[in-house]
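Following this line, the structures themselves.
Here chain A shows up in two complexes: once beside chain B, once beside chain C.
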Partner chain A sequence: MIASIGWHPVAASSDLPTGHVYQTQLEGQALAVWRSAEGEVNVWEDRCPHRGVRFSIGVAVGNELQCQYHAWRFASGSGACTHIPAHPTQKPAAVIRATIFPVIERGGLVWTRVAEDHSEGTVPLVRDGVVMRALPVNRPAATVEAALLAAELTGATFFVQPLAEGQSVIRGIARDEASLRTLDSALERLRRQLEADHAVI
Partner chain B sequence: MLLYDNAMLPECYAVRLLSGLLGVELDLKTVDCYPGRQHREEAFLAINPLGTLPVLDTGDAFLRDWLAALVYLAARYDSSARWLPTADAGRLAAVQEWLSIARLLQSSAGAARLHDSIGMATDIERRRREAHDLLRMTEKHLWFGERGGDDWLVAGAEPTIADIALFVHVILSEEGGIARMPYPAVRRWTERLRRLPNFALMGGVFPMPALDASRTLLSETECQAASAQSATH
Partner chain C sequence: MDPILWNDWHVVGDTAALLHGETFATALLGVALQIARAEDGSVGIVQSDGVPVLCDVRYGFIWACLGTPMQPIIDVPELAVEDMTAVIGGAVSVHASAGRAIENFLDLGHLGYVHAGYLGAEPETAVASYNVETLPGGGVLVTGCEVFQPNALMDNQGVMIGYSYKVERPLTAWFQKILLDSGTLVTTAYLFAQPVDEDHCVAHTLLLVPGSAYSAADIRGYQQLIFLQDKPILENQNPKRLPIGPRMEIPILADKTSIAYRRWLAQLGVTYGVVREAAGVPA
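Let's look at the complex of A and B:
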């Protein structure tokens, strides 16, 4: 397992088909992740600046994200509002924009950071492989990381995404396609143990 | 055909949804179950002693179970047997297995939604845990399906009534406090379904534009850039 400072994987590249807005969280920050028609990946706060509705119930249209509520559209890259249907002829004010986070796509994963601690941090160099299914676990990231280390699973590199209080997601890059299901089942067993330890009897 | 219906119930929505996809016209008779409690009145109990909705009056019989209504509509009106693969034993059994999961979602996610929306008494935390267990299982199935090129619950090029039956409870789950964020493959599957032609909506279910239609919203410059890019490949 590789611990990274500040930067965390929050989605797989394959999680972002045309038109889709992926929903996740990092350290309590709600995120909407999407890919523009030109292939640019965006990690935005999951909140339309207009009425606060989640962007992740909206839709990516070409190189813009369109909010489900009033169909305001926001540009890939800058997050700037490009179109307000109620005022089709007016150019939206420059201050209307989505809150954006930095993005690096590496090893088939989408990485970002939301902490404002000014430490630089880096995205780890990862070996090429097959991105595993993300496995949510209802336990804190530190607990999950410790359990992963103790389990000594081989054949993959693992990362733990701290979702919110008491919740995390295990992401991994497997060495090959053939081991995907075996590793997935191993992680599910690990999750059952972790959540059973915590179960309220 | 007459459907005894309520606009806010996912089980009624499933029947309306499938009839829309099949192009079958239904006459709707609204039964005000909340707050009116018409489903407990003698007139309705004479039709359905269970006191549940929907009821599909086919002209020959009253179908008192929503899953039975889906089976009936598909078997009778879909001559291609796309929605209910009656000639394929393996796929037919897989459809039935998912219909049973849909029933479990009804009693977990569905009950949680009724708890949160109209105060129905239930062990809410338990209902939510049951729903999450089912969603975890469905997520794994759909994620590995996507990798193998399968878009739907039952392997094959086309969706089946199993997709409809699960969809109506999955898409309304957040009204029962059951988040879909942990289930990305499930979220993508709900979008693929919502992009089908003639896909009916209900309150709380948001539309997804067809991908072809969304492309027309690209600006002229973007279209030129895209065509220039594709020409180089």
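Let's look at the complex of A and C:
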């Protein structure tokens, strides 16, 4: 397992088909993740600056994300508002923009960071492999990371996405397709164990 | 507790949904209520500890006030107009503050998208300028809104509609729709947003349609269709409470009504179900 500082995977590249806006969280920050028609991946705060509607119920149209409420459009990359249908002939004010987070797509995963104080961190150099099914666990990231280290699973590199208070997602890159089933079963057992340990009886 | 909302009347149910001899559980401003309709038809409301709550039955709705009413229940003058079909549109629970529901009811910019094909349509999405005034007793009056609606009359014929809006009580909104070319009244509608708690409301609507061309079931069905298009939007707004402080959400010219509504709530001193400051945003 590789512990990454600040940067975490928040989606698999395959979670982002054309037009779709993927919803997730990192350290309690709600995120909308989407890929433009040109292939650029965006990680944005999941909230339209106009009336607070989640971007993740919107739709990606070409190189823009369109909010579901008033159909304001925001540009891939910069997050700048490009079109407001209520005032179609006016150029939107420059202050109107989505809150964007840095993105790196590597190893079939989409990486970002939301905490300001981790500017020194980097995305680990991962070997190419097969991206595993993401596995949510109702336990804190530190607990899950410790359990993964103790489990000494081989054949894959694992990353823990701290979702929100007490919630994590295990993401992994397996060396080959043949080991997927065994690894997935091992992770399932780990999850059951972790959640059972914590269950209030 | 917010004295403005605490001492106001709120709709907490409709009489048609409350059978004689049965009780109905709801909540108002975070206070659990039991509404009971006796065999003789009379309605009573108690809190969970049995303390009675001031209540009234009017316009087909059950009203409650937890404090001391500062004003009587809002007047509905349209009910006195002859040959008016009055319909209660149903009660819809929404996981959003009452203020968010009221603001959405007053919003022109979403009609062409959230209600596409009914109350608006692309490419006619521009919101023309309109007038916003302050009512003499406080509150918001909006006039001169002109909107193309592809199916405002349930006949799939596009018409130009004129809207007026009014907010006289913090959680009650009113609109009137007329046909722009003839001035004929189409619909008057009231939204009574019941503040269940700070993040939940129940939307109660009253529709008033002149004549008898439309059945009560048709009117109710249309209203519910429209409102259920709004519900997922409302439930995906963050924060759930209405931001009424400056610089918390970015309005545009088309949002003049919303700006006036938020400002009025702030001036009144409403604190329940609203937020005045976002984390990291100076007030």
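We take it that the second predicted complex is superposed on the first by the 199 of 201 C-alpha atoms of A that agree within 3 Å, B and C clash if a C-alpha of one lies under 4 Å from a C-alpha of the other, contacts with A are read in each partner's own complex, and residues count from 1 in each chain.
One rule holds in what follows: contacts are C-beta pairs under 8 Å (C-beta built on N, C-alpha and C of every residue); 3 or more make two chains touch, one makes a residue touch a chain.
Note that this is a predicted model, so its numbers are computed, not measured.
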Exercise. Is A:24 touching the first partner chain B, the second partner chain C, both, or neither of them?
Worked result: first
For this session: Would you check which partner chain A:136 touches, where first means chain B only, second means chain C only, and both and neither mean what they say?
Result: first
Exercise. What is the contact status of A:57 with respect to chain B (first) and chain C (second): first, second, both, or neither?
Worked result: both
Exercise. Who does A:68 touch here: chain B (first), chain C (second), both, or neither?
Worked result: both
For this session: In the overlay, answer first, second, both or neither for which of chain B and chain C A:49 touches.
Result: second
For this session: Quick one: classify A:86 as touching chain B (first), chain C (second), both or neither.
Result: second
For this session: For A:106, decide between first (touching chain B), second (touching chain C), both and neither.
Result: neither
Exercise. Once the shared chain is lined up, is A:15 touching chain B (first), chain C (second), both, or neither of them?
Worked result: first
Seminar exercise, completed: Where chain B and chain C land on the same part of chain A: residues 57, 68
Exercise. Which bits of chain C are touching chain A when the two form their complex?
Worked result: 108-110, 112-114, 122-123, 125-127, 232-233, 236-239, 243, 249-254
Seminar exercise, completed: In the complex, the residues of chain B that touch chain A are 140, 143-144, 147, 180-182, 184, 187-188, 191, 206, 208-209, 211, 214-215, 217-219, 222, 225-226
For this session: Report the residues of chain A in contact with chain C in the complex, numbered from low to high.
Result: 30, 46-47, 49-54, 57, 68-71, 84-89, 95-96
Exercise. Which bits of chain A are touching chain B when the two form their complex?
Worked result: 11, 15, 17-20, 22-25, 37-38, 57, 59, 61-63, 68, 133-134, 136, 169, 180-181, 184, 188
